[in-house]
Amino acid sequence: MSASTRTRRTRPAQFPWDLVGLVLLAVAVAFAPDLLKALFGRASVSYLSIATNALSLSILALSWDVLARTGQLSLAHAAFYGAGAYTTALLARHADVPLWIGIPLGGLAAVVFALLLGAATLRLRGIYFAIATLSAAEVLKAVVHHLPTGIAGGNAGMNVPTLFRPEFIAGQMERWEVAFLRNEAYFYVYATLLCMTVLASILVQRSRLKHAFTAIRTNEEVAGVMGVRPARLKLLAFVLSSVFVGMLGGVEAHRVGSVLPEQSFSVSTTVLALVTPIFGGLYTTLGPIVGALGLSSVQEGLRRVFSDGYLIGYGVVLVLSILFMPRGVVGLVGGLLRRRGKREAGR
Amino acid sequence: MDTTLLVQALVSGVLAAGLYALVSVGLALAIGVIGIVNFAHGEFFMVGAFLAYQLFVTFGIDPVWSLFIVAPALFALGAIIYTSTIRFVLKAPELNQMLLTFGIGIILQNLALLIWGGDPRTIAGITYRGIGYQIGGVSIGLVPLASFVVSLVLVLGLYWMLARTPLGRAMRAVAQNRTGAALVGLEVNRVYLVAFALSALLAGIGGVMIAVIQSPTPVVGFAFTLKAFAIVVVAGLGNIRGILFAALFVAVAESLVATLVPNGDTLRNAVFFAIIFAVLIRRSWRTA
Amino acid sequence: MIKTARFLTSLALAGLLGLASAQGVSIGILSPLTGGSAGTGQAQRAGFELALAEINAAGGVLGEPLRIIIEDTQANPAVGLAAFEKLMTEDDVEFIAGGFSSGVTLALVESFRTFQPIVMWIGGAVSGIGIDGFDGIEELIGEEDWFFHIHPWDYHNVGAATAFAAQTGSETVALLHEDSAFGGPGSAGAQALLEEAGMTVTLREAFTSTLLGGTGDFRAAISKAAATNADMLYWIGYDSDVVPLSGQIRELNFRPQHIFGAPPGWPTEFAAAPEAQCVTGLIGFMPNLTNPEAIAFTRDYRAMHGVDPDNYMAALAYANLWAYADAINAAGSTDQDAVIAELEAGTFRSPIGDWSFEPSVIAKHQGFGEDLWLVFQYQNGVREIVWPIEKATAPLVSCR
Amino acid sequence: MSDILRVTGLVKHFGGLAAVDGVSFAVEANQIFAIIGPNGAGKTTTLDLVSGLLTPTAGRIEVLGSDVSAATPAQRCHAGLGRAFQVVQPFPEMTLRENVLVGALFGTPGRTRADAERRADAALELSGLAALADVDAEDLTLMQEKRLEIARALATEPSVLLLDEVMAGLRPAEARDAVALVKRVRDSGVTIVFIEHVMPVVRDLADRVLVMDHGKVVVEGSYAEVTQDARVIEAYLGKEEVA
């Protein structure tokens, strides 16, 4: 056997690149705001804002991927996001609880919806599953839209207070530094949420769940006969996936100051959740994150260069990427490394 | 609720089913024969609408006639897109195909935005948009009636083609068994090409109709495609007759709810997707 | 074709522009240039570009050429927020213009408060007044010194529409409205005002706009309105709803005396459609206004962009940029207090005529109110202004 | 209780068709039990019913004395049923070891990772696949795939192993290897129920033989007994395998 195949063993003695990566990620995001500030001064406010949007996409993508590892191609991510956003907004509006409570409860609401949806769709596969989840998401959107105005604001939506309101003290700091403090705080919240998602993903990948998920994805019947309990694990994947999206929806509702049916349950949220991991590399922890950072950078870069039609370039990147990197960015890089490994082993 | 309103709701629902079915069969062809989940189907629809618009504005061609230009044009566009991209991902996982077609959709949509702008366009100088035949207080619109008839003819024509012609038989053979079909000497790639181009053509014709009914915009295809996906799936992949029934059922249900319930129009999508969800879930739990 | 050319030039010049150093005054603009609201954003940009060319031809601002930096919000709150913060911290602008979509505006409120640049806004019409438990833009930042709102508030829109409706002689009105933050609160306000004016609202019925996932089959809602046999059909929706609604009203043989629509804009070519005949609409600017400013604006806009300024957002954007140029020039510096003082004191040019900032219900600085609005009527393929009477180019005719 | 698997009155209707129609049989511990019959006799359906992939219309299935008729496939696996498929279905994205590890990890609840890995290696060893442990499962020959099917099922530590035509498509030399493998498995203490078309294999392996036709049991007995049975000869008339 060549060295390359041996490295794919699942022995516990293997070096824990993933956990080290998570620690590096945590350290990197911990220092990123100050580093950006030191390097770019006031522009760091803007970069933090863009980075926060990229983190948001990463959470969306990675959580989608976790669910997809069981073969469940969900088109309900907007519903998880919206359920979290609306729950958070409702709590902020009607219940006198601290704002922070709303976010985990937003995650919880998403989990409840996900469990109901997951249980109903257990027997559906492939595109049938996808369309059923899409339909459920559209129905939830309509239900929220048609809740009495006094409860959820109806078509006008609801205001959601900001989580951070750093105070401007004239003479002590500049206005952009106040914005920096707020963006930094949001950045850390998003980053924490991403680290939690990454940790969940890593724990799945390191545990027997990885094999169970892969088995269910590739052949649910065979997996069942081999003792894997598909129903239970598919629901577990739904929980792991929805909880982070729900919390993301809650945090984002605070950050953008409002929830609206069209905005909080937008199909484009679902589509981005699906497209990003494919671009980056499916069924891995790294792929969806690389995909999110990659696509965010591509789009931001293009819009800075072309005032018009920058999204055409974005579309071209997507098309070319799938033609030339069928296994995503991570798959391409991994493949190149493996090939090099094989060559060296052959020497 | 008086009966006139009810009958009107039924008539409107039945007529709306035609366009639903037309958009759906094109998509069904792509999914059923080639196995491609085409996220850009709505953009073919949109391109068809803008072409009809442009032909009207530039050459004064009535959409009734531009149908015969737009259809081959979309066939060609479908063929080009198939040859340049789709055929390279036939064996790739369906998620890859989704990303590819999503990318194609973004390109087409933003090209349209660049060329035609974001403002809604209008094919203005046609006389038939507002015509309705009044029968006992119930109105039958000329445009919806015509689009219903054309859609029905096309869908049945496709059904006939799949059942009776050599090309149709080839498509069914390929749909059922890719490797087997290749063995009996069918040029699978050619069949795929035609199926995909035909799918774009059907979308394009739907687009011409929509250009008459409403305003072409870069995002005009979205609402229809979302529903078309659901109809195709609920009918069962490759089941053309099922599409007709599914389209009829959901369109009439939508129309009834929109009419009978206060603010019912805003419940259309909810009704539509609730039906789709219920059918899919029920079916999955019924079969053991 | 012009747009394609512009795209290609932007390709070529992108690098060069990036290198050009920012002397002079820069104004940051937020606009939805892609997505479903792209039409509005593009109209705004066209208006800004025309004003920019004129301002710079007239000597610029403080003796230097004025610069504008347009950022696409995609009508997405998170994207809009990042775009605003880019303008503030990377481009170091001190003045913000543009705006559309209340969702995006609400996302910007907190950051506006932090940076407190002068924000002169032509979007975000949701005042929040009259909606229980919801704070709109006027309620949130209307009182701020640095906030200047040019576009009328929702109650202005409805007030103008109702004033028009009242003088048509209609006694009964059926109200159809799209069901988002635009048409929902708007229709509630409209019903209250119509009833206050002594009219009977026979029906208030919501529909899903084609812009927001509807498939454009409005027959159910129209049938219900027709069944009430109202004198006037008054609808609030989006631009892309105009054609299907108007067609289906005819098709269903609904013949009220007046068909009155209040979308943000009207599809340009619709005038030539037979079913447009006698339809009336609320609009902020018309190319056939006869005041000299409008004639000049329409002429120059056509020369620059090759099309008519049909979307009134172009006129508002034009007014927006000129107000900045005039106020900064009058202040003689970019000092914020001085510019605010000039904005408060000044009278500015616009295609609609001279205007200035006055207080509204809450807001300290409100540009246009009900006075912005015109009602036109499609009469034999031409859009005639029928209201207010002093600007009318033709008398209102009944559809019956 | 020496019957390790007992099936009573098993019925399965597909629409109006009775694919399995009142099948009953019992398998004793450490037996090799063959199910034979012409195509469409309902053999694979019977195995699918036993392993829980299909829900029976009627009937009862007991493993080691406990009723598993309403259990999920996973629960039956945990109760001691292992299954190898006729159409080999490896998980292509995994290596052989990972394929087998799935069975080892999940086939018996509460097993530690280290234990499971040991058992997976043992199953690979027993199936003669140890050398290929790190190869991707998509790159196998048919014989290797069949071995993998068995290894995977073995890793679940079954009391009863259900084998569906493991010899189909194998060359004679490979088939001999497979027979030896099945015997080794039995010798390790596993009861085996297998479906087979190749009669010499049945003769070499089976302690008892159940003959099915049209969803019903024709006869059950030793190889010698059933091959003498007139109904069996009729059912197989013209089939050269009998000869």
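Each chain gets a letter, A, B, C and D, in the order it is written, and its residues are counted from 1.
Note that a contact is a pair of C-beta atoms (placed from the backbone, for glycine too) under 8 Å apart; a residue touches a chain by one contact, two chains touch by 3 or more.
Bear in mind the structure is a predicted one, so any value in this text is a computation, not a measurement.
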Intersection of contact partners for subunit A and subunit B: C
B-C or A-D - the one linked by more C-beta pairs in contact: B-C
Farthest chain (mean CA position) relative to subunit A: D
Where subunit A and subunit D are represented by their mean Cα positions, the distance between them in whole Å: 43
Distance from the mean Cα position of subunit D to that of subunit B, given in whole angstrom: 48
Geometric centre distance via CA averages, subunit C-subunit A, whole Å: 36
Touching two or more other chains - residues of subunit A: 145, 308-309, 311
Where subunit C touches two or more other chains at once, by residue number: 3, 7, 34, 179, 206, 213
Junction residues of subunit D - those touching two or more other chains: none
Contact graph of the chains (line, ring, star, complete, other): other
Chain-to-chain touches, reported pairwise for every pair that qualifies: A-B, A-C, A-D, B-C
Complex contact set, residues of subunit A against subunit D: 1, 5-6, 8-12, 208, 211-212, 214-215, 218-219, 221-231
Residues of subunit C touching subunit A in the complex: 3, 6-7, 10-11, 14-15, 33-34, 70, 72, 77-79, 81-82, 85-86, 88-90, 92, 102-103, 106-107, 109-111, 114-116, 126, 131-135, 140, 179-181, 183-185, 206, 212-213
Interface residues, subunit A side, partner subunit C - complex: 42-46, 49-50, 52-53, 56, 93, 145, 149-150, 153-159, 162, 165, 168, 175-176, 178-179, 182-183, 252, 255-258, 260-263, 303, 305-311
In the complex with subunit B, residue positions of subunit C that touch it: 3-4, 7, 34-43, 179, 205-208, 210-211, 213-221, 223-224, 227, 239-240, 242-244, 246-253, 265, 267-276, 310-311
Contacting residues of subunit B [partner subunit A, same complex]: 31, 37, 39, 85, 88-89, 92-96, 98-100, 102-107, 109-111, 113-114, 226, 229-230, 233-234, 237, 266-267, 269-270, 272-274, 276-277, 280-281, 284-285
